[in-house]
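Next up: the structures, one after another.
Shared between the two complexes below is subunit A, which has subunit B as its partner in the first and subunit C in the second.
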Partner chain A sequence: MALCEAEKTFVLHGVEENFRIDGREREDYRPMELETDIVSHAFGSARLRLANTDVLVAVKIEVDTPFPERPFEGKLEFFVDCSANATPDFEGRGGEGVAIEISNTLSAAYSSPNVFDLKKLCILKGKKCWKVYVDILLLECGGNLFDAVSLAVKAALWNTQVPLVKQIDIDGNNVEIKVSEELYDCRKLDVEKAPILVTVCKIGEHCIVDPNVAEEQCSVGSVVVAVSEDKFSTILQTGTGSLHMSTLVDCLQLGIKVAQRLDAALWDTLTLECYTCSTTEDESDTTCLDNPSGVVGGVTDCDKKYCIIVRVDYKDPRGKLASILRSCVDKPTYTNDVIEDETHRVYYRSCRTAKCNGGSGRSDSTSDDNGSLGDKSTIYCPGIGDGAVAVTVSFSILLFAYAFVRYVR
Partner chain B sequence: MPVDHKRINGPEETVPYSLFTKLNTKSLQQQFKEQVRDEKRSDNRLLLEHRKIFIKTGLVSQAKGSAYIEQGKTKVIVSVFDPREIPNRTDYSLKGEIYCEFKFATFSCTKRRLHQQDTEEKQYSALMKQALDSTVCRHEFPNFQVDIYAFVLHNDGSALSAAITAAGVALAHAGVPMYDLIVSATLGIQQNIKLLDPSVTEQWLCEMPVPLDGKVGNQGVIVMSMLQSHEQISQFYQVGNLSLEDITDSIKILENACKELIPLIQKHLVKHVLKTMKNKSEDK
Partner chain C sequence: MSKKIHIRLASQRVNTSVAVNQRYPKIFTPGQEITSHNEFMRGHGTYEEDTVLKASVAGVREQVNNLISVRPLKSRYNGDIGDVVVGRITEVQQKKMENSVLLLSSVNLPGGELRRRSVEDEHMMRQFLQEGDLISAEVQSVYSDGSLSLHTRSLRYGKLSQGVLVTVFPSLIKRSKTHFHNLPVGASIILGNNGLIWICPTINKVEEGVGGFVQNLEEVIPRQERETIGRITKLCISFSTE
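Up next is the complex of A and B:
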């Protein structure tokens, strides 16, 4: 895409007026759409669409030997594939430079143990470790590749299920590992601190985030920052221009602010807010049954896929509550069903939207499960002013209670 | 460099013997304490002191311009070749291109490097290009490409910044038009200790969190290149885990560090010009 001088001036004036060519403000992102768990052969996957930029990330895990100088650590490798579909510029070896730049920046950003702990991928010191391959496929280029890729990578790693190792047999130098055969017996990776990359572009006198292709061309220089919590894990200057020191510091300030907001928005989308509480007939407090939002600490940011209700009623007297449980799980025993035995009637309800398990459990009203390919959701990163929602993770003991109920039954 | 597939690279699965020596059993904290003690470093430098620098130009007779830099034990040769037409390019580009290749000699590090460029070297090449792109007056040679090769003979830390500084000198020696002299410096950070121009061990220790007095905290390495008289940062690269305050402080430290290098390079270039003029007048 080539711009003439007049078009460039137009873009520049827009940035100065804080009203960019697509109507955004300087610190706004374009709308994003995120899907997770869409590649069935991968251990974790995510697809992110940021306006016209489309990125597909799939995570594969294999068993490998740790590096001799780091016997306690697993391995993490990024590979970026720029297909010529994305943009004609990537034809032949045209995308190689971009691919190397992105994968190197990602490995640098994930390299600090404060950001992503490779030690958790170790199986047996010096002998066996997990090697995580993160394959990034650029489906379409609409500007701002770094940001889109980093969000998709974080979502895919969050989605990744690492098989549980049940047994390690050591026979001399031979090490054999046995992996749990249960399909859902998996461990999730800890990606809460995984970095988010933000490209800050300088156009004219101002810095903007999330540039589109036209804006990228007008930029005199840009800075890519990788932010994990309130720290920078990587900073890299891209583009051909140079920056003044004070501009660089301004860019960093803007970058960290936007990255934290973006991270909160992503985390909100990935986790599912569910009511988590329980009550039985013996308890006098019926808030969990009647008004779950009134329960103190009764809402949890689950990293599971479904919010559920399990309600047990007596058959005699008919409809008398025996117990009710609101929680979240990855795979409900029954999606939506009523099971009866001689004395009890058990209602199983599950749904996939935020706080959807607030009903009585008797009716099927919670069910709005779209049952499609994956859980699809749209995340928006608003401009300055709208503070990011604080994320509270407080895992309730009820989760375990639910598991217990499941196994006892 | 074209890849030679016939060359035998040696067995893949070899490891440096140093991993098994007693030195390796020391804890990170011990190793760090050995490097930095009472505001002094193992080679008696202060925390924010450069190592001794030696620069020489015109080593490579085949190249248009070349420079050799020694920064402590780090030794880098950079050569710059005449502009040539950009290969494999059909459209006309208004600005000239810079092609950078950064390579560690196979014997330059404790672990043997391969002949082929690995990802680290490719990353360093890209950073060098980033630094030099905004230094060279690229509009002066449209549709042409200047090749710059940096070759590290001995890596004792801060190899990238040594290569960028040397590349600036080599470009000046080659007579490529530039906006300003470019100098570069590296800073290692481990909690509240900042180490300018780190040696390879110091750099390695700053790349991971080392518990000092029972705490772990911010750590990182920053490489910054500057065009001094314009006060422009042409390249900035940080890895690790640092807060905004740390980085703002580091930028100031690196700016001063770059300022300190300038007179040295200016003096060297003046010397070089005087020598060339003397040689020319003798030829007449």
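Up next is the complex of A and C:
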């Protein structure tokens, strides 16, 4: 897609004004949506949608022989596949250049032992190790591929379950490995320091992050930085233009700042904050029941999927609390149910949003509100940053909106 | 100060659909049986197999007396004479745009300049239209293979200046009397029948006389108009993905 001069001018002036064409500021990201564990036959998977950019990542693990020069290390390999549906440019072999560029950048970013420890993938020195294949599929291109891919890769690796090795039989040079047959007998990979890639784009005199397709067209050059914690693990310059020394330093500083914010955001999303405490009728301290946020250390970053409440009440006297448990689990016994026996009534509640298990447990208030309008004051528009030009549903806007529907339909 | 970045989980997705309790018509998928009665006639988007009428496209069923047809939900834009389209110039050789042709002879030049078909004239055109330029035009005629011939004869049409282009499904744009709107909120919008929507600051009546061939690229759109354009862009996108 080629832009005409007038459109480029519009984008350029917008960046100068710190109000980009979709209402974002220079350091804002478009809305992102993450889904993990969606490919059932993969060891770990994630799908990230960044406005119009859509990336699917699946992780496969195999047993392999380590490189002779690195007997203690496992292997990590990235492969990028560009679907021709993503953009017409990818048709035939068109996407190969982009694919190689992304996979090479990722390999470089993950190569340092401070970033991702390959030694943890070793099974038996010099003989057996795990080889991790990270397959990346670009489903749609809406600009800013590097950032989206790196986030999705990190999420997929976080989601990856490495089977536990139960037994190693060595018979001369023959090594046989037996993995645990239990489905949940796995360990997770340590990806806390895995790098985040941030594309810093120079448009006019300013640097922006998360460029969309139009902005990428207007940019004279961009820098991709891979940041792990507060260190760069790799830097790549793309585009045709060259950058001045001071601009480059500005870009790098912006990149590291944004990468840390992005990493924190990803971590927030991947882990689920739940109240974790319990109390019984015998205990005089009822903070866990009445005010779970008041419990010291009562909030935990779980890497489970659900926050739960299990509340046991007596039937006689009616409604008297026997015990309450707030916790997090991967698979709740009952997602939302009330089970009764002769003497007790047990309320099971589960939910999937942060700190959502703070209720009394009796009412269904903790349930998933998937269908309803979550935050009722805001319509989330695709392509809008959080609150950038959030369209507040006031009566007048709705009226305008409906008037507009009539135009469109 | 920059805002906190937020990544939403797919499980927390908000249903933005305005029509919450509205009933949707049944959607047929290709190959799905519509009816096995043989008194019906085969219309567009259907085929017959073993005396059973089946859908050949994904869409909703429409029935006129005995004629059953399936109207596809999404389809490629099929032009009609009189349609307003917005498009990008991909080639300035034969004045081709996407699959449509804007003929040399059907362009009005600024100031009502008279034109002759000549080689110089063709060279002149490059000054006005280049690859990548956006234009609005009207469909003049439809060729038998479905490609379109466009014209920008009226002063309403022509090259587009600063603004935002939004792409939606062509089926969402209803053919109406006027596709050019000056919205009271302070922006103009062109709803192209081919699914391309152009949103720009309010077009000044005085400048309109040149058909957009003279552009002032120095002009900076004020912040307020930018915000309006941004909002309308978002609305268009959210309505189209609803």
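Before moving on, here are some points about what is shown:
To be clear about the criterion, the second predicted complex is superposed on the first by the 325 of 409 C-alpha atoms of A that agree within 3 Å, B and C clash if a C-alpha of one lies under 4 Å from a C-alpha of the other, contacts with A are read in each partner's own complex, and residues count from 1 in each chain.
Going forward, a residue touches a chain if its C-beta (ideal position, glycine included) is under 8 Å from a C-beta of that chain, and two chains touch if they have at least 3 such contacts.
Note that the structure is a prediction, hence the values are computed from the model and not measured.
Of the two partner chains placed around the shared chain by superposition, neither subunit B nor subunit C is touched by A:199. In the superposed model, A:160 makes contact with neither subunit B nor subunit C. Of the two partner chains placed by superposition, only subunit B is touched by A:253; subunit C is not. Within the superposed three-chain model, A:212 lies out of touch with both subunit B and subunit C [touch as defined at top]. Put simply, more of the residues of subunit A are touched by C, taking subunit B and subunit C as the two choices. In the superposition on chain A, A:234 makes contact with subunit B only, not with subunit C. Once the two complexes are laid over each other on the shared chain, residue contacts for A:33 go to subunit C alone; subunit B is not touched. By the touch criterion stated above, A:9 is placed in contact with subunit C alone, subunit B being left untouched.
The residues of subunit B lying in touch with subunit A in their complex are 15, 19, 119, 122-123, 126, 130, 133-135, 207-209, 216, 218-220, 222, 227, 230-244, 247-248, 251, 255. Those residues of subunit A lying in contact with subunit C across their complex are 1-7, 9-10, 13-14, 17, 19, 21-23, 25, 27-29, 31-35, 47, 151, 258, 261-262, 264-266, 268-269, 352-353, 368, 370-375, 379-389, 391, 400-401, 404-405, 407-409.
Interface residues of subunit C, counted against subunit A in their complex, comprise 2-16, 88, 130-134, 160-165, 168, 172-174, 176, 181, 185, 189, 191, 215, 217, 220-221, 223, 226-227, 229-241. Across the complex, subunit B is touched by residues 68-69, 97, 100-101, 103-104, 107-108, 111-115, 221, 223, 228, 230-238, 240-245, 248-249, 252-253, 256 of subunit A.
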